[in-house]
Amino acid sequence: MLTVENLHKSFGGVNAINGIDLKFDAGTLTAIIGPNGAGKTSFFNLITGAFAPDQGRILFGTDDIAGLSSPDIVKRGIGRAFQIASIFPSLTVRETILGAVNAHRGWHTKLRRRFPLGEANAQADEVMELVGLTAKADKLSGNLSHGDQKLLDIALALALEPRVLLLDEPTAGMGPEERWQMIDTVHKLWQRKQMTLIFIEHDMDIVFKYAQTIRVLSYGAVLAEGKPDEIRNHPKVIEAYLGTAYEKGRG
Amino acid sequence: MDPQALLTCLSTASCVITQTTGGLISGMLLFLVAAGLSLIFGTLKVVNFMHGSLYMLGAYFAYTLYTATGNFTIAVVGAALGVGLFGLVFERLFMSRVYNTDVLMQLLVCYGFILILDDAVKIIWGAEFLSMGMPAAFQRPPIMIAGGILPVYYLFLIGVTLGVALLLGLLLTRTRAGKIVRAAAVNPTMTSALGINTALVFGGVFALGGLLAGLSGALAAPVRSMVAGMGFSILIESFIVTVIGGMGSIGGALVGALLIGLVRSFGTIGFPLFTEGVMFLFMTLVLITKPSGLFGKEH
Amino acid sequence: MTDTQRTRRNRRGFIKAAGALTASGLAFPYVARAQDKPIRIGVPTILSGRVAQLGISSRNALQIEVDKFNAAGGLNGRKLEIIARDSKGKPDEAANNTRQLINGDGCEIIISAESSAGAFAVQEVIRELKVLCIHTNSETSSLSADPKIRVPTAFRTARQGIHDAIVSAAYAGNVAKAKGLKTWMTCSPDYAYGRDNTSLFLEYMKRFHPEIEMVGEAWPKLFQADYTENITKILQAKPQALYSCLWAGDLVSFLDQSGIYNLFAQTTLFAINMADYTTLTAVKNLPAGIHSSSRYLKTFPAVPENAAWGDAYKAKFGDYPTNWSWENSLAMTFLTTALRKVNSTDGAKLADAIRGMKVKSPFGADGTVTMRAEDQTTIGYAIGWGTTISKEPYVPSVTPGDWKSILEHEAEWKKKMGFA
Amino acid sequence: MRSTVWLDIVIAAAAMAVLLLLPLVFPGKAFSDFMIRLSAFAIFATSLNLLVGYTGLVSFGHGLFYGLGAYSFALMMQKLGTSIPVAFIATVGVSAAVATVVGAICIRLKEIYFSFLTLAFQMLLHSVIIAWTPLTGGDQGLTGGVPRPPFLGIRLDDPQHLYIFCSAVLVVSLYIMWHLVRSPFGYTMRMIRDNPRRAEFLGVRVWRVRLLAFVVAGVFGSIGGLLMSLFVSSAYPDFAYWTVSGEAVFMILMGGISVFFGPLVGAVMLLLLNDVVTRVTEHYSLMLGIIILCFALGLRKGLLGFVLWAWERRRAGAQ
C-alpha cells in the first residue's frame, strides 16, 4: 500500500529523517512510536507533501508520490489529522465536514451551485455519525471541547474517504478516560472503513493494546519494527527508549 | 525622463557630491522616523500607521518650545521627550488594546488618531502653515567640500542622526534593556514567563519609537514649514523605507532611508516626474523577491 | 488674533457644530422653498488639510460681503446665506458636495472656492444642473477659455493663468535685460497648475526675450517636505535667475531650505506666489529682493478702498486676507449686482446679467473689473510685479501689468490653442 | 436546492422593486445622488470583503481596482467613443486580466507582506496616473466629462436613468457575490481564511482559490469605480489612492466584517456620516477619528454584526 524507501530530509543542516525504509500493508493498523524529536511528525509531513524529501521514494501503490504537493497527495487517498487539532474555528461542524466532502469530490471551486450540494449531505451525515458528532452538527467548531475538536479533525480526514489515514497523536492532551474513548472510536473506524491506519502515539498502553504492528523511530531512523510482543522484548528498544515507559506500563 | 542629464551629472564630481549629500540629508530625517517604525514593528508586530503624526507633533512641539524659550536645544530635546511620552500614553491606553485583534483593528486605531491629531493641531496651532526659522547658531554660510556645498545645519543634522543611529545600535545589542527588547520581539510569551514585564517593554519601545519620530520632526522644524497633515508624506516614505530595509531591522532602515534619499536626489535629475513611482516600484520589487526586506530576517 | 482666542473660537464653533450634528441626526435634509427663505449660496471649498487656510479665507471674504448685502436689506427682504462645505481638496468630493448643496440643501447659487482640480469637477456638475456658478480660485486657463469645458452658467473671477504668464514674462524679461540675467531655471510643483503655469511662463519668456537661456528645471512634488535635492540641482546648474510657482507652505519650506544653501546669493528668485500676506509673514528672515507677482497686497492697487477692505478683514478675522479672499469678494460684487438687477436666482437670467458686466471694484486695475462676455472670465483686475523687502509693506512698489498687451497676446494664444 | 435559488432571485427582484419605488418616498435629487454613490461604494466594499472577510486576504490595495475601473471605463468612453455596454464589459475584462497578474504575484506572500504588496501595486498605479499626464490628465483628472451615449433606450446622462442603472448594477452585483459566498467555492474561501494549511490537506489548491477570489473581488471592485466615474463624469487619481482602500476597510469594519451585508451597511453609515458631519462642522476629521476609535475599541463586530449577534443571543436566551 505505502512503501517508503531510503527517505532523507534535513532542515538547516539537521538531519530530521535519516534514511527510513518502511512498508505498510493495506488494511493494517500501525503505531509509530519514538522519543520526542525522533522525526515522527516530520515523517508524516514528508508523506503528505508538506515538505519534499531530499532523497528517497514514497510509493503509494506503485506511484512515487515523493515531491508532489499536498493537495495532489491527498487526492490520491492519503488523509491526515494533526497533533494539535487543525480545524476551521468559524465554521460549524456540519459546514466543516461538508467543506471537506466538497473538496474531496472536486466541487470546492464550484460557483454555480448552492452550498451544500445535496449529495454531499448524506456523506457528511455519515461521517459525523462515525465520529459521534451528529448532535453537535450546528455548533461552531471553535467552541467545541478539545476532544471533540480532535474528533472533528479526524472526521475531516475521513470525509476524504482515504485509503491511508495518518493520525498524529489522536489522544494528545486528553484525560485518561477520554483517551480510551478516543482510541476506541479510532479503532472502530479502522474496522468499519477497512483502511490502512498509521498513528503516532505516546501512550504505550494504547499502543500495545491496539496496534497490529509497531514501528519505532529514533534520530530519524527506524530503530525497530514488529508485532507488539516483539517490540516489547526488543533489546534495542528497551535500551534506547522503552525501558521506563515499559516499567510504568507494567506497574 | 532625462537619462542624458543623469549621465552628465554622474560624470561630474561636484554634481555627484552635492546630490549625494542632498540625498543623505533627506534620508537622515527619514531614517529617524523609519527606525522608530521599524523598531515598533520588530518588537510589537504592529504597523504604527500614525507614526507620521508623531513626526508632526515633534515639529509643532519644537515650534512652541522654541518660540517660548528661544533655545533650540530645549526645543529639540523637549519635543522629542514630549512625543516619546505621548507615544507611551497612546500605546498603553489605545494600541495595547488591539494587539490580539487582527491587523485591520490596529490600522483603524492608527487611522483614527491620524485624523484626530491632524484636526487637533489645526485647532491648537491654527490652519495656516508655520515656520520656525533657523536658530542663530546655524545662520552662517555653507561649507564647500570638493566643489559640493554643505550647509552647516545639515552637517549638524547628519552628525546628530548618525549619533542616534549608533546609540540605538548599542542600546539594542549591548545593553540588558536591548536584549530584553530583542527577546520580547522573538518570543513575547517566553519573555513574560521569564518574569519580564512585557507591557513595560512594549510601552518603552513605543515611547522610544515616538521619541525618534519626535526628534526627527523637531530637527526638521527649522527647515520645513509646518501644517496639519504634514505627517502624511513622511509616513508613506518611511513606510517604503522600512519595507525595503526590512521590518524590524534598524540597519535596514538606515540603508533604506539613504537609498530612498539617493533615489530622490538623483531621480530629480534623471526622471523628475516619476521619483515617487520609482520608490513604489522599488518597494514592489523588494517585496516580490524578498518579502522580509533587504535586511529583514525570514520567518 | 492670539492663539488662545483662535483656540477658543474654534472650540466654540466645534461645540456648536457637535450640537447641530446631534440635532440633525442622520436624516436627509429637505428644504422647503419659500419666498421669505434666505437665498442660499453653496460654497464647495477646502476647509481641511494643508490648504485649509485658503478655503477659510475664501469663506471669510464671502461672509463679509454677505453681511454687507443683508445689512442693506437683502434682495427684497430675502437674505443671503452662505453654506460652505469641505471637499478636503478631493475633486470627487467637490463634485458630490456641489450636487448636495444644490439638490439637498436647496442652494440656488454656487460659488466654487475650489482649487483647479475641484473646479473642473464642479464645472461638470454645473453643466448638468445649470445653476449660476462662479469659480473664484481656479487659475487654470482652459476652465473658461476652452469652449469644450466652458459652461453657460459658470463664470470665473479668479486671475487667469494666461494673464499671469504674459505679465510675468514681460516683467521678468525686463528685469533680466536690465540686470543681465541670461541663464534661467525653473522650480515648480509637479501638478497641473505648476506645469501649466511654468510652461506658459517659459513660452512667453522665449517670445519676449529670445536671448534667455534655459539651463534646467526642477519638479518637486506638491506638498513635498524636503526640497534639498531640488536645491542642490539648482546649485549645480548655477542659473542667474530662477522662476518658481511654488506657493504657501511649500514656498516657505523652499525658501528656508534654499536660505541655508545661500542659493539667493548667486540666483535671483522670481516667485510668482510670494506676495501674499500669509506667505510673506510665515517666512522667518524674509530675504529682500525676491520678485513676485501681486497675489493680494493692500497697497496694490494703491486706492483707499483696497486698503480699507484689507484692514476690515484683518480687524474681523485677525489675519490679512489672501489672494483667494479678494477673488471671492469680487465674485460677490458681480453676484449681488446681478441679483439686484434681475431680481431672481434663476441661473440663466443671472448668467445673462453677469455676462459682459463691468463693476466698480477696489481690485480693478482702473477701479473696475469686467466679466468678459465671450469666455465668462474677468479681465482688468489689478495685476503686477514687484520686489520684496523684509517688513511691511513687503512689496513697496508694484509695476502693474499692461492690460492692452495682455489682451492682445491672450487673443493670439487662444487662436493658437484653437479656443477662438 | 433549486427552490432556494428561486427564492434568492425573488428577493433580489423585490430589492430592485423597492429601489425603484424609493424615489417616490424621497423625491429629491439628493436621494438619488446618494444612492448612486452608495451603489459604487457598496459594491466596492463588499468586493473587498470577499478578500478580507471571507478569504482572509487583508488587501490594503483594493483601490487599485476602483481606480482601474474608473479610468479604463472613462478613458474608453472618452478616447475610443465606444458604447457603454462595450466599455463596461471591456473594463471588466481589463480588471480581470490585471487582477490575475497582480493576484498571482501578491498571493504568494504571507499576511502583512501580502497587504504591503497590494498597497505597493495600488500606489504604483497612482503614480502612473499622476505621471502619465497626456493620457490621464495627471492630478487634474480627466477633464471635459465622460460621454454617456444612450444604449437600449437607457440614457445615463439623465439622473433618473442613472439611478435605475446603478441600482440594477448594485442588486445584480450583490446578488452574484451573495450567491458566490454561499456556493461551495464560498465555503472553500472561508476554510482558507480559517486555516489554509488544513485546507491544503483536504486537497484544496489554496493558491488557486485565493487567486480566483482575488480576481472576482478585483472585477467587482472595478465595477464600483466604473459607477463612480459615471456619476462624477470623470476619473480622478484619488480613486486609486490608498485612502480609497482605507475607506472601504472602514466601511467593512463599521458594518461588520463577518456579515455579508456588513459592508453595505457600513457604506450607508460612512456616506451618511460624511454628508452630515461635513454639513455641520469643518472638524470632520476629528469627529470621524473619534467614531473610528469607538468602532476599533468598542464595537468590533460592526453595527450589523452586533445587531445580529445581539439578536441571536436574545433568541438563544428565550429558548
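List of remarks:
For reference, chains read A, B, C and D in written order, and residue numbers begin at 1 within each chain.
Basically, contacts are C-beta pairs under 8 Å (C-beta built on N, C-alpha and C of every residue); 3 or more make two chains touch, one makes a residue touch a chain.
Just so it is clear, the structure is predicted and the values come from calculations on it, not from any experiment.
When each chain is reduced to the average of its Cα atoms, C sits farthest from chain A.
Remark: the per-chain Cα centre closest to the mean position of all protein Cα atoms belongs to D. Work out the mean CA point of chain A and of chain B, and you get 50 Å between them. Chain C and chain D have Cα centroids separated by 36 Å. With each centre defined as the average position of its C-alpha atoms, the distance from chain B to chain D rounds to 34 Å.
The geometric centre of chain A is 42 Å away from that of chain D, both derived from CA atoms. Contacts with at least two other chains are made by residues 130, 283-286 of chain D.
Each of the following residues of chain C touches two or more other chains: 14, 48, 52, 56. You'll find the chains touch as A-D, B-C, B-D, C-D.
Within the complex formed with chain B, the chain C residues making contact are 3, 6-7, 10-11, 14, 48-50, 52-53, 56, 190, 216-221, 223-226, 228-233, 235-236, 248-250, 252-253, 256-257, 259-262, 278, 282-285, 319. Residues of chain A that touch chain D in their complex: 48, 69-71, 74-75, 79-80, 82, 86-91, 95-96, 98-100, 102-104, 107-118, 156-157, 159-160. Listing the residues of chain B that touch chain D in their complex gives 47, 94, 97-98, 101-105, 107-109, 111-116, 118-120, 123, 236, 243, 247, 273-274, 276-277, 280-281, 283-284, 287-288, 291-292. The touching residues of chain B, when paired with chain C in their complex, are 5, 9, 12, 14-15, 18-19, 21-23, 25-26, 29, 118-119, 122-134, 138-139, 141-142, 149, 151-154, 220, 222-230, 233-234, 264-265, 267-269, 272-273, 275-276. Taken in their complex, chain C has these residues touching chain D: 13-14, 17-18, 20-21, 24-26, 28-30, 47-48, 52, 56, 84-86, 88, 90-92, 95-97, 99-100, 102-105, 116-117, 120-121, 124, 127-128, 140, 142, 146, 148-149, 191-192, 195, 222.
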